Amino acid sequence: MEWVNAVLQGTLLGGLYALFAAGLSLIFGVMRLVNIAHGDLIVLAAYLALSITAGFGLHPLLALLLVVPAMGLLGYALQRGLINFTMGGDILPPLLVTFGLSVIIQNGLLMGYTADPQKLQAGALETASLTLLGLTAGVLPLLTFALAVAVIGALQWMFYRTAMGRAFRATSDRQDVALLMGLNRAHVFGLAMALSLAVTAIAGVLLGIRTGFDPAGGGARLIFGFEAVIIGGLGNLWGTLAGGVILGIAQAIGGQIHPGLQILAGHLVFLAVLAVRPRGLFPKMEG
Amino acid sequence: MAEPLLAIDRLDVFHGDFQALYGVEAEIAAGEMVAVIGANGAGKTTLLSALAGLLPRPAAAIRWQGSPIGALRADRVARLGIALVPEGRLLFPSLTIEENLIIGGRMGRRGPWGLEAVYRLFPILRERRAFAPAQLSGGQQQMAAIGRALMANPALILIDEISLGLAPVVVRQLYEVLPAIVGEGMAAIVVEQDTSRALSVSRRFYCLQEGRVALAGASGSVTREAIGRAYFGV
Amino acid sequence: MDVTRASRLTRLAGIAGLLLVVLLALAPWWAGRADLRLLGEVFLYMALATLWNLLAGYAGLVSVGQQAYVGLGGYLLFALTILAGLPVPLALPLVLAAGAVVAVPVALLIFRLRGAYFAIGSWVIAEVFRLVAAQVAALGGGSGASLPPAVVRTLAEGRDLREAMAYWLAFGLATAVLAAAVAILRSRHGLALTAIRDNELAAKSLGIDIWRTKLLVYVAVGALTALAGALIFLQKLRISPDAAFAVNDWTAFVIFIVVIGGIGTLEGPILGTLVFFALRETMADLGTIYLIALGAVAIAVMLKAPQGLWGLIRARTGAELFPLSRKVTGIPSGS
């Protein structure tokens, strides 16, 4: 029973990882960009929520109403003001610039909030749980998973059913021909990053309620998100959710075997997938 | 004399260090169909790419209804009403045929062309509208590429190598619809290696040779010999 | 007519370099203890930067996981001396060899990822190493371990000599890495690397075995980075998983150094290291502001002068200190 429980908890944890990953997956799909600062932006969103909840006495989930648009705006500004200037064929400039951003965000947070771990206070939500068939699941992990499914479903719908999604796919396919359609590449990329960071905001707030955060925690979140994307297969949003779930289950089972194995087991599953299926389990796109 | 729709004045275009066009002069009036002919590598595709804004070019070398547009990015040029049907069709592979058409019309310029009109022009596209471009034959892809450009209701359509790699029967079919397109008041510049076909549909022509205009004139009155000389430079 | 790599400047730089090497080798006699440690640290960073530059600037392998090898080297040094009882001078060559042995399977795995995904994949490897290190109870698990005085004494008796030895090792490594980089770049493999960097497809069509050349560079860089890691923690005398496998200390700053100095040149990382330490020593009082400034400078250089400071200098003066690029000389005038 405790193994079944571990799988359940791992699956729900996978929802959080899918939220870490969805934004990465989106910007990779649209502009082939890997944002090294992605994890630090998740942590930044959590701190933003912290200040908002403290300042206005809002519940962290209500703070999302402010954090999501704020992060979206930041994403658009970052892309138009900085990252767009690195988008050539060479991989080093975007990597270096987002690495620089990562260091700047980490140290900026360190100055603003000190190195002490913080947590978002969500009251009864943190401890509430549901029991069914002898299995107990926290309401927060369930909510996180439901949000992950909703976010990925919405992104999928946006990508395949809306004008913005068409613009994203067209720009991803052929940037110069997309220009001929009157699509301003810089603006399209800005929108993609805005959307990516809007999702990041949700991930950051849920992370902040669930486990707490500190300025140095971005790297691990980037890596979990990245692993979920690769396990699921590049360019496949539902695959990213599956990748997150697989990662979550691997960690939960690893942790069940030995607490020190939790994170390691996730990495090992990732490396095993890489060794056997380098394009991920459900690939859709050329890397 | 009235201002032409598009005027090209001493246009030099470079690919990196290599100069591809030398002082090209040309113009086109509204509703006119002009052919650009020339051998492989004469600079025909370069000319269209430069007009569409895909290549760097001198700001003042291209004027649209009197205003210089040489400094505009390609998406700005497109918004003016200049649409390019690129060489090799270059449909968006992850969009369906219908989505390829819709995205062509996203700028919302008013005019006779819409999904229905394009489907009437090329009925096969209606049947294949939910297909991916790769599932269509070359000729059908070319129809979709032309349809995508028409969807923008451009004032000027630039068509690059319409017949390249297509079966003769398909080429004939495509050329049959060209007059109908220009009949709607749209101007067209058609780049073509098949000289006689290009001359037969156009009113005027420009013949490029090694990046320069070697000959220009009315399509109906030019002799085969004159074309041959301008084409090969002999 | 003659094809040569040397110019008057490279020959002058050679003579000046030789004098500098002698002067720096004598540093234990003219530098104070604190300065000597700082110099040692400078040389270790210079080695790390040169190695990363070989990897990314020449072989096109943009890794953000070189902390894997720094940490591996550090932990291996501690394991070989504390657990296996080896003296430090014997442990160091073993660290070098072990670094190479570990790098091969790692390369087989992460070479499957391309571009930026290779970068993060290499980071995952470093995380795996860190988590494994944290499980080694004999070396203090997550909280780490110190090098016992008995082990330290196997390097040299007496504190002054020990400090000098640690310095010489750091200085020796930096010189050796630079010499190895020059040797690699002047060899057949160096030509292949330059070809790969300039155009991978063209290189392939010339029959260059890109994969093997990259593997060779990756393994050599991994081994030498592990040795650098061993020397870093020999100087620090204390190791912990978080310090040994820190992405910021051993990769982010190293990348910033290379980019600020000039990627794809041998002079760049040296210049970048000097800039890095100059910034650090003058702005250390400002705390984290200095790190924010470092990140901002690296971003600015990448956007405004992607060839780095050395690229700017070279563009102005045509200077080149290492005899790498070939020049045809002695062409009779008028021909």
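Which chain is which? They are A, B and C, in the order written, and residues in each are numbered from 1.
Definition applied: contacts are C-beta pairs under 8 Å (C-beta built on N, C-alpha and C of every residue); 3 or more make two chains touch, one makes a residue touch a chain.
Because the structure is predicted, anything quoted here is derived from the model rather than measured.
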Chain contact topology (line, ring, star, complete or other): line
Dominant interface by contact count, named by its two chains: A-C
Centre-most chain [mean C-alpha coordinates]: A
Inter-centroid spacing, chain C versus chain A (mean Cα positions, whole Å): 32
Chain B and chain C, separation of their C-alpha mean positions in angstrom: 54
Rounded Å distance between chain A and chain B, as computed from the means of their C-alpha atoms: 44
Residues of chain A defined as touching chain C within the complex: 32-34, 36, 82, 85-86, 91-97, 99-104, 106-108, 110-111, 219-220, 222-223, 226-227, 230, 260, 263-264, 267-268, 270-271, 274-275, 278, 287
Residue ranges of chain C touching chain A (in the complex, touch as defined): 56, 62, 64, 109-110, 112-117, 119-121, 123-125, 127-128, 131-132, 134-135, 247-248, 252, 255-256, 259, 263, 287-289, 291-292, 294-296, 298-299, 302-303, 306
Of chain A, residues touching chain B in the complex: 163, 166-167, 169-170, 172-174, 176-185
Residues of chain B touching chain A in the complex: 52-54, 73-75, 78-79, 83-84, 86, 90, 92-95, 99, 102-104, 106-107, 148, 152
